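Note that the chains are named A, B, C and D in the order they appear, and that numbering of residues resets to 1 at the start of each chain.
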Amino acid sequence: MTVYNSMEMMIITAARALENGSIVGVGTGAPCAAAMLAQRTSSPDLIIIFEAGGIDPDLPEMPISVGDSRTFCNASMAGSMNTTMSLCARGFVDYTFLGGAQIDKYGNLNSTLIGAWEDPKVRLPGSGGANDFASFCRKMMVMTPQNKKRFVEKLDFLTTPGWLAGKDSRKKSGLPEHAGPHQVITDMSVMDFEQDSGRMRVVSVNPGYSFSDVQANCGFELLCATELVKTPEPTEKELRILREQVDPQRIVIGR
Amino acid sequence: MTVYNSMEMMIITAARALENGSIVGVGTGAPCAAAMLAQRTSSPDLIIIFEAGGIDPDLPEMPISVGDSRTFCNASMAGSMNTTMSLCARGFVDYTFLGGAQIDKYGNLNSTLIGAWEDPKVRLPGSGGANDFASFCRKMMVMTPQNKKRFVEKLDFLTTPGWLAGKDSRKKSGLPEHAGPHQVITDMSVMDFEQDSGRMRVVSVNPGYSFSDVQANCGFELLCATELVKTPEPTEKELRILREQVDPQRIVIGR
Amino acid sequence: MDIQEKGKGPLFTDPDPDAARAFFMKKSRNKTDKRMTLKQAVETFVQDGNYLGIGGFGANRTPVAVCHEIVRQRKKNLGFAGHTATHDMQILSAGKVFNRIDMAYGIGLEARGLSKSARQYMESGQVEVCEWTNYALSLRLQAAAMGVPFLPIRSMLGTQTFEHSGAVNVYCPFTGKKIVLVPALSPDVSFIHVHEADIYGNGLFEGIAVADIELAHASKRLILTCERLVSHRAMTRKPHRTDIPYFIVDAVCEVPFGAYPGTMPYEYFSDEVHLKDWLDAENDPEKLAVFLQKNIYGCEDFSDYIQVNGGMKRLQELRHLELLIKSEIKDK
Amino acid sequence: MDIQEKGKGPLFTDPDPDAARAFFMKKSRNKTDKRMTLKQAVETFVQDGNYLGIGGFGANRTPVAVCHEIVRQRKKNLGFAGHTATHDMQILSAGKVFNRIDMAYGIGLEARGLSKSARQYMESGQVEVCEWTNYALSLRLQAAAMGVPFLPIRSMLGTQTFEHSGAVNVYCPFTGKKIVLVPALSPDVSFIHVHEADIYGNGLFEGIAVADIELAHASKRLILTCERLVSHRAMTRKPHRTDIPYFIVDAVCEVPFGAYPGTMPYEYFSDEVHLKDWLDAENDPEKLAVFLQKNIYGCEDFSDYIQVNGGMKRLQELRHLELLIKSEIKDK
């Protein structure tokens, strides 16, 4: 029987979600690994772009920075931040992967601070390009470990927009149409967002986990798909390519 | 005694007006000849820029188009229209030369049409970059033949801003500060604009002309400087450089 | 937003970025071989009534071959953005293929004179006009390229150019000063002539960019004509030189000398003799008809047109002019 | 303009383009030899209390040498724009030289971890913060570069990032939809590290531009550090490669490896070992003091710093890493 760790499972699940022939805006780490794996498995025509200006690189290895030379290695274009952000704003970017210290039931993210604005317990990096990507890109993906510290009823700070206070509220906000949270991939489950309410909903659980395990590790009430399925396990091929070609130094999958 | 034609006189007078170490945005023809002459006489450090993106070229000959290859020949930069216009908007461009079919007493220009908008007698090219240059550049210069058809009480169409309805009106309009009409150079005289009113004023008359000649060839009432002087005549050196180095084919001075 | 004044001019295109998003979301991102003949490209992507964007400036790096093909195919009721439209407008006017124009500069050929065809067509009442400035049109394209509905500009204020434009002015919330907002402009289809392109549509040009980067991204469809095709490898070896990324491009047409009789930087200078012939022909309708038959309607494609006007020998002379090389070779 | 909502964040700079115009009008346009030592340049152009702009992205083509010099000269009460400020912010925080920041991304070093110095300094209450996104800061610089008081952006809406920013939102006069306006940002002085520059200040870089073109034009004063000086002739031979025109530049400092320990495209890769040493040193105040003494305060200039960290031998390894060349040479 195949042995793999939860990070490998998350990356492989994310890779499968990326439609061939689409464009994904990624950062470093797990999301980049997922995109590179997708290119080598189900989505050979997946196009990767980076916030700092790298467009359609042929990644020789995982970049350390969103702006290092790997991000435009043999690329179609080495542009600028405005090149990438303009493409996102015009609807050219189909997927983006974002994360944060906290996420709520509408997929809103906090990467700014823990505690109160006036006197934060912990100051975090801030939005970076996350708020822009989440505002512009069609489908926002989140990869994160499942626990109550991260999945909270109320964010300490709303850095990056999910469905805000529900789908209607995002529509009213003035944010671009045809964009919003799409999938949340954790070590226990895969979740999407209910059509009308925009609330997080468990659609599949990973091997060894049940819906109640997921709910028990979430700080807010989760919806459950009418037909809850098991998340398909990684194949030998996916694991081999991930380990040998995408992350041979185990920088991400070794965590 | 030196022989020269009125076009040569106008170009040489304009060249003398261009302060060394400043930046001038020019088009083709006489203004470009004036700038090239200035670089070869009184203003060796004059910088020329073109609307289409040519910045600080070493002009090998007079360009035929504001965007032809001469306009960025051995230039510091071959940029874009936005590069040039942004520099103008930020106050980097000290002079610009503009013209038109009609000019009024406040230095407003018409290059759009003759007759009425609804049914023009003659349709002209339009603003092009003139309205932008006149709005942004510090000192707008005009070189034009002096006659009543061109110097009119009321423009058929206000394409490009001079002092609008007077200095205050330009201030109130929202147009950038530190910019406006500076000098009008004709075959008969040199005119500036009165400090407070922004009305056109004759400051010097060319050899063989008097203020009344100028007024007689102007469709509106001109002001006259308290000390009206004679426009200095071209020197042999200026004429030689203009004829031999700037416009050897007499494209402009042959008109 | 409190509008202080509003231009009377018509908007020929929808400035709403969400409409553009809906279109771009469906546009293929695939790296497919996009080569076509120019005939195919214009047949496929230019529909009667479309709004066009034309690259270059004046007669410099202008996609002249595309203008010929549009006239040859006798397209109708087109609109276009005239930011220093010179020889291109002269061609389209001779063919009477458009009925509306966003006009910043047209009719004139800069220092060369005025085009009678363009002038008469503009005065004929057959063309609806909206007034702009060159920079305003450039910013309208940039707004569309950025996916925003407008951009601010500090020119046009206090003039009739504003009154007859489609712009508005408002008070700036940060400075309290009046400022103009120009609406985004998304052409249905645009044409840009570049030096090099690969078969997927990555494009590169030399010299000034004018407003071509903005135009490329603003346009729903984009046809690149190029002096020469190069390998994808050659493009990706120097990604910082790519001016246009492949996935915004719909067709790639290799059209050597595609900017003739205009200038192509470092390749060939404008053919002033031929451009003068154009202007002269316009003085007499019958002369013009013959001229158009000879140079456009009677030509199978653009290479015929080049042949008719001196072919390689003439182009060699224009190359020398462009590179400031004296054509005469002294006898030894 | 009817403001719907207004961010609570402070504006550290004046967004009025007329104020910038008054400054730029007086700036010399002369082609003078602008070479200086970095020490001179920072002494001359960086005053306590200035607002800084720092080029590059993350630790890529970042003017690290300038950050060292600012700390070495113990500047005080500076402000700066943190658009993906990583190692640069780490250095400035260790030196405690700033007291306000426009923050889009900071503290973190991307995948490398978080800087304790930066975090503790940001949590110390000594730093006034205004929240932004990376794109918002890039557009704020672009607005200043364009000489307009603001630019529109469709992100930030509905979030606390907006609430704690200095932006406003309004209804678009063309679409009726809500849109955010971000105010222009003009740094007092900025620093950009490029591959090549001439003595007048024309600058050229390879690879991604990030927001450096916008930053260069937005800034009142601009210091270029370059890997190598080249002749003015060499620059003007390919004017379409010039990224920064000379007359917006105040000083040109030739600082080879000036982006070390960050990446310089096609020249050298980041020194991850040294960057880890930085992060480790921050775990213990005394260790950090010793580390800073060794790497900054105790160094005469940046070349000392390079020497202290392995000099040419290490840089050769980093060059191989950057070019994906295996360093080991097999025995024949």
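Here is the rule we go by: contacts are C-beta pairs under 8 Å (C-beta built on N, C-alpha and C of every residue); 3 or more make two chains touch, one makes a residue touch a chain.
Quantities reported herein were computed from a predicted structural model and do not represent experimental measurements.
If subunit C is disregarded, contacts among the remaining chains keep them together as one piece. Common neighbours of subunit A and subunit C under the contact rule above are D.
Taking B-D and A-D together, the pair of chains sharing more C-beta contacts is A-D. One simple way to say how far apart two chains are is to compare their mean CA positions; for subunit B and subunit D this gives 40 Å. In terms of their C-alpha centroids, the spacing between subunit A and subunit B amounts to 58 Å. Computed centre separation for the pair subunit A/subunit D is 28 angstrom, with centres defined by C-alpha atoms. Look at where the CA atoms of subunit C average out and do the same for subunit D: the two points lie 37 Å apart. Touching two or more other chains at once are residues 17-18, 147-148, 154, 177, 179, 207-209, 239-240 of subunit C.
With touch defined as above, residues shared between interfaces to two or more other chains in subunit B number as follows: 72, 78-79, 82, 89, 136, 176. Chain-to-chain contact here is organised irregularly, matching neither a line nor a ring nor a star, and falling short of all pairs touching. Chain pairs that touch one another are A-C, A-D, B-C, B-D, C-D. Of all residues in subunit C, only 56-61, 82-84, 86, 103-108, 110-112, 114, 119, 122-123, 125, 131-136, 138-139, 142, 154-161, 164, 169, 177-180, 207-214, 263, 265-266, 269-270, 272, 322, 324 touch subunit B in the complex they form. Listing the residues of subunit D that touch subunit C in their complex gives 1-3, 15-18, 147-154, 168, 170-175, 177, 179, 181, 183-184, 206-209, 239-240. Remark: subunit A residues 21-23, 45, 47, 55-58, 72, 74-79, 82-83, 86-92, 94, 136, 138, 176-178 touch subunit C in the complex.
On the side of subunit B, the complex with subunit C involves touching residues 27-29, 51-54, 60, 64-69, 71-72, 78-82, 85, 89, 108, 112, 117, 119-120, 122-132, 134-136, 157-161, 164, 169-170, 173-176, 251. The residues of subunit C lying in touch with subunit A in their complex are 17-18, 20-25, 27-31, 145-148, 200, 202, 217, 235-237, 239-240, 242, 245-248.
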